[in-house]
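Reviewing the structure listed below.
Order of writing sets the chain letters: A, B, C and D. Residues in each chain are counted from 1.
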Amino acid sequence: MSFVYGKNIKISIFGQSHSDAIGVSIDGLPSGFPIDFDKLSGFMRRRMPGQGLHTTKRREADEPEFLSGLVNGVTCGAPLTAIIRNTDMRSSDYEQLRDIPRPSHADYTSYVKYGETRDIRGGGAFSGRLTAPLCVAGGICLQLLRREGITIAAHIAQIAQVTDRAFDPVNIGEAEINILEQAAFPVLDANTGGQMLDAVEQARCDGDSLGGIIECAVIGVPAGIGDPMFDGMENRLASVIFAVPAVKGIEFGNGFAASELRGSENNDDFIIKNGSVQTKTNHHGGILGGITSGMPVLFRVAFKATPSISKEQQSISLSQKEKVLLNITGRHDPCIVPRAVPCVEAAAAIAFYDALLEPKRKI
Amino acid sequence: MSFVYGKNIKISIFGQSHSDAIGVSIDGLPSGFPIDFDKLSGFMRRRMPGQGLHTTKRREADEPEFLSGLVNGVTCGAPLTAIIRNTDMRSSDYEQLRDIPRPSHADYTSYVKYGETRDIRGGGAFSGRLTAPLCVAGGICLQLLRREGITIAAHIAQIAQVTDRAFDPVNIGEAEINILEQAAFPVLDANTGGQMLDAVEQARCDGDSLGGIIECAVIGVPAGIGDPMFDGMENRLASVIFAVPAVKGIEFGNGFAASELRGSENNDDFIIKNGSVQTKTNHHGGILGGITSGMPVLFRVAFKATPSISKEQQSISLSQKEKVLLNITGRHDPCIVPRAVPCVEAAAAIAFYDALLEPKRKI
Amino acid sequence: MSFVYGKNIKISIFGQSHSDAIGVSIDGLPSGFPIDFDKLSGFMRRRMPGQGLHTTKRREADEPEFLSGLVNGVTCGAPLTAIIRNTDMRSSDYEQLRDIPRPSHADYTSYVKYGETRDIRGGGAFSGRLTAPLCVAGGICLQLLRREGITIAAHIAQIAQVTDRAFDPVNIGEAEINILEQAAFPVLDANTGGQMLDAVEQARCDGDSLGGIIECAVIGVPAGIGDPMFDGMENRLASVIFAVPAVKGIEFGNGFAASELRGSENNDDFIIKNGSVQTKTNHHGGILGGITSGMPVLFRVAFKATPSISKEQQSISLSQKEKVLLNITGRHDPCIVPRAVPCVEAAAAIAFYDALLEPKRKI
Amino acid sequence: MSFVYGKNIKISIFGQSHSDAIGVSIDGLPSGFPIDFDKLSGFMRRRMPGQGLHTTKRREADEPEFLSGLVNGVTCGAPLTAIIRNTDMRSSDYEQLRDIPRPSHADYTSYVKYGETRDIRGGGAFSGRLTAPLCVAGGICLQLLRREGITIAAHIAQIAQVTDRAFDPVNIGEAEINILEQAAFPVLDANTGGQMLDAVEQARCDGDSLGGIIECAVIGVPAGIGDPMFDGMENRLASVIFAVPAVKGIEFGNGFAASELRGSENNDDFIIKNGSVQTKTNHHGGILGGITSGMPVLFRVAFKATPSISKEQQSISLSQKEKVLLNITGRHDPCIVPRAVPCVEAAAAIAFYDALLEPKRKI
């Protein structure tokens, strides 16, 4: 159940970190859409490992092979399926983990859920590697949304204590978006990027890891997308965003900070601007009553530090029910936040494209 | 679509603030469950308006009438349906809002979505009043969960700048839970409760409103509830929690604060305690890889200040496309956070009960 | 789960034969649709009991009370909920059935599924009475479809051995449709109607019951409705039609008879007629590959004879595990087929309206 | 949407007749199940083309390659994905069909639905070839059901006018089932098999095709599987069965014949046999009120004759809007019914396994 998302499109993700392949099948894409494969590759590359000191050393081409749903690169209406072969795997790295769960990983909970026969290699289906097919699906949705004038862009708002400047909530420029799309390290203020990289490098040297916050903007969204109650855009976005490993929180507009503001401070007055209805400020983050207001949709996603660290940790032996000291070897990101940026964009694109297809609810 | 939730039970909510009735139909409840109606009434009373200075003056009995699904107070397997008649409505209060959307309410977005014929009276289906049927459903789920040893309790963690102490993440006492269940104003530290009420009263006098944060704990949850990827407990909880009006954020365990911690600080070592697997700390908030770890599930929900304030605000006329000054009359909560506490519990109960019914995923 | 239908609208049915009320909540209706309540009442009346010798003597007004979803009779976008109070119930008629399941009713299977606490009175949620809310939902969908130029009409194709003439598969006149809509006893050939009534009366006198076949036509359907594989129009229609009690089969176009024809006999040549693509014949029943072809959609539904008969039957005592002779008293239709005609239309309307809202699948 | 089935498991089918591969991803399989690959291959072979005169000459190994969901041949809880490469394709055979729809195929309706860019080669996603992944999923469900004591077996009940004997509705022997599983041509009465083959060969010589009926039995089903209203076993089975191309009807138990019987003839008396509740006869086909009664589930599926025939047919040019005479070349089954037998079993297995996982609905 849990690997299938969507109501108006169905995105079925499959694979494990060390299975023969990972992939995705997308049912419900419109026929006649020419996928820009170069653009998709560029997007996929943004989450690729092995690009710098701050990422895992495992290297993979991660080029999706398309098995169905296309005729000459154009969607044909049948489910589009893409797979990515897993190569460069060192499964032996993980053998000891069968009995000794890594702290703050899913090793123990997956053991309870799926038993001895779960795939422990590389985290199995709980691996961040599964965000690759999510990005294939999201990358295609991004292209479909762009066709409707909707653009999604995210940046690293914070790593450890270093914070980037935030998007201007009422006015996000196309230029800014383009810079983020091309950036090796997506921040709005280039200086903070350097400091973040320093912090990550420091953590790596310490055998430790860092978390952070990603801020995401969806611009060009017409008013009226999303639905009340259980299908609000917040509900929809959260449903997909929490599929990205290590996410621990999500907030919209002013979010948690809104709880300290008074109504008179947090309310956004309506105005007429260029003949259209807008709000003067955008504390609401572009969503009211679950439905987009036409203002930029803004949300922030909290990531915990990668639980894989080189430092010795305390765990237990599941079979012996006794204390064990654990030293994790293998290759790990000291901070997955930079690579998570396209994942957040992909997740948002999936949620928005699915919501966009919702039937019109007025005569 | 959007008023129906659940996979293993289906909860269909209906009604508008000023329709003849609001209600809920719950499909999938097990046959043979004797509902404790007194307990359910007590639970409903916790979200009732008209209990003090900090709530709206609208008074309603809000006693659900059960139309189906029961034989002599015991569930029979057929969908259980309960309605609550709407009385004490003053629809005329809302006539001007047809053309002038209230800032930070859903008046404008619902207009875009549903057009002129939307129900504007009292916010229509976007009203907080719809949380009453949510609480009927949640109140029943709470009773079903309690039967499985699972208890849910929430408290006001913060209103404006006043903060209550947090739950002890590894050890939440039954006594503490019972106090919250009975409390007129649910806080862990009674002193902070008084300060919060003062702050609310002050805001009311100023014609203004306040937001806040609710912390919720789910205890007695066995390890293994929830599913990977799109059906993790975080995804599931967020899906329902964002159905509660005014919610702007959710975080699990350390949440946003986790982004500033290193892995070595945020990881939770596994230990054997009383013969069972536990974690020494609970920064993860009881969920790893979307699946419960057996530790208390802890999450925090951010509420914005009630957008209805008496202060003059700026809005527009939708028909004239021109600026209008808006003075909202009628009865409004200066702070809905206290009344939202049972709503958060109800939402969590619904998400957990649905997840609990998920088929076993191992042979 | 099982009382909720639909993807683009959600229809939640509730109630039992002898609960306080039965009803339906419909989520996803477009805002701004003025329901023709007279027409809906007329439609509901066609399934009403107590209209003649061939139906049960239980009399009920069956006028739905609308609780939500409307403002001044016009849909407002919120879920539309209608309830029908149950009156004129004689629950004592059913007490013996708690232990002695009636042959070919759901008494035994509901006992296995829901246990002792199931509602046995009048068949509980398995009663044909639940088709009343189905008809409320279907009646509204019929009005919405009519607005799109789509009309649904059914007639009694057969009762016992008496057969009505079939619809002309390629040319079904508006006049014919109108006659069926008004008819007390919906047949195309009035003579066969009399013979059918005679057969029913004879069965009633014998303390026995009859089954039959209903043929249903959907006209004015544009080509392109329905989806491949699991969401074909046949799959969709069958999903709803089998919700009507006593249905034992469904066939499309030539149906079972097609199995005896050769391809050259059963294929429908394409032609251009009045500038549009049509087929010369309509053996396919208006659906190819799950998708409508633009020709009338034609299907037939088989109903078994009402299992409630006055004749003595053999059953068992569930508690004593021994043979029992059973004499069913109470009021029962000797043939539910005439009353099932609007139910089939309602079911078809629900399936078609839901399919019609499916997003466009081409750029 | 339409290529994903299931509530408790999700089966996502993908591919087109001439895409690089076809396949299926199954989410929700229990961890720890050792798939019997030999048995699965044997099952797949039963739907394979190229086995005799009555089938298409296209030959394919059709051995699924498993990409995910397994560790050493045992399910691990992650989605199981299998693909089958398409080889031996002659796409040029289909070029003329882009403009000239074949009678009674989905060429025209898929054109309306998906436009010019639909995949016309070999019927695209509407091809019977997509039943191969359906059989992979179904074959695995069959093994899972067998573990629960449930067996599914089907035979050719009729081809053209030749009819096989029917299953004994109350007593279907294990021996009979085993014979069908091994049979090259699955009939209960071997003599009728020969006559059927003769009829098929005759049709082939005439450049024509034949339809038929498949009868399917599900034995060992405990009472209580399936749900009321929209999720009855009939609804569930029909939902999947109509995914098999060329199916035009389905009936349960006495089915259409029941419409001619009186209640006293069609009702099945309850009896106690070997200490358990059974029915003396099984006109109801093992399902009452949507729920299994513990008797064998019996249903029949009508297949139209393969629409691909060599005889000249009349069609149109979509571009020129004019009459065209069409001669279909290429390789085609004169009768797909024999190959459809495992497909019906697979479809039934999927519907039953999904229903079996439904949560218990009593305390």
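Throughout what follows, contacts are C-beta pairs under 8 Å (C-beta built on N, C-alpha and C of every residue); 3 or more make two chains touch, one makes a residue touch a chain.
All values derive from a computational prediction rather than experimental measurement.
**Q** Which chain lies the greatest distance away from chain D when centres are computed from Cα atoms alone?
**A** Of all the other chains, the one whose centre lies farthest from chain D is B.
**Q** Looking at B-C and B-D, which pair shares more C-beta contacts?
**A** Output for the comparison: B-C.
**Q** Using Cα averages as centroids, what's the distance between chain B and chain D in whole Å?
**A** Chain centroid spacing, chain B to chain D, equals 46 Å.
**Q** As a quick test, compute the distance in whole Å between the mean CA positions of chain B and chain C.
**A** Once rounded, the distance between the two centres reads 39 Å.
**Q** What are the residues of chain B that contact at least two other chains?
**A** Residue numbers touching two or more other chains: 1-4, 7-8, 13, 28, 31-32, 77, 110, 113-115, 117, 125, 358, 361-363.
**Q** Along chain B, where are the residues that touch chain C in the complex?
**A** 1-4, 7-10, 12-16, 19-23, 25, 27-28, 31-32, 65-71, 74-81, 83, 110, 113-119, 121, 124-125
**Q** Once bound in the complex, which stretches of chain B touch chain D?
**A** Of all residues in chain B, those touching chain D are 7-8, 28, 30-33, 77, 357-363.
**Q** Of all residues in chain B, which touch chain A in the complex?
**A** 1-5, 7, 13, 101, 103-106, 108-110, 112-115, 117, 125-126, 130, 158-161, 203, 206, 208-213, 223-224, 227-232, 234-235, 238-240, 242-243, 245, 247-256, 258-272, 275, 277, 279-280, 283-285, 287-294, 300, 302-309, 311, 313-316, 318, 321-323, 358, 361-363
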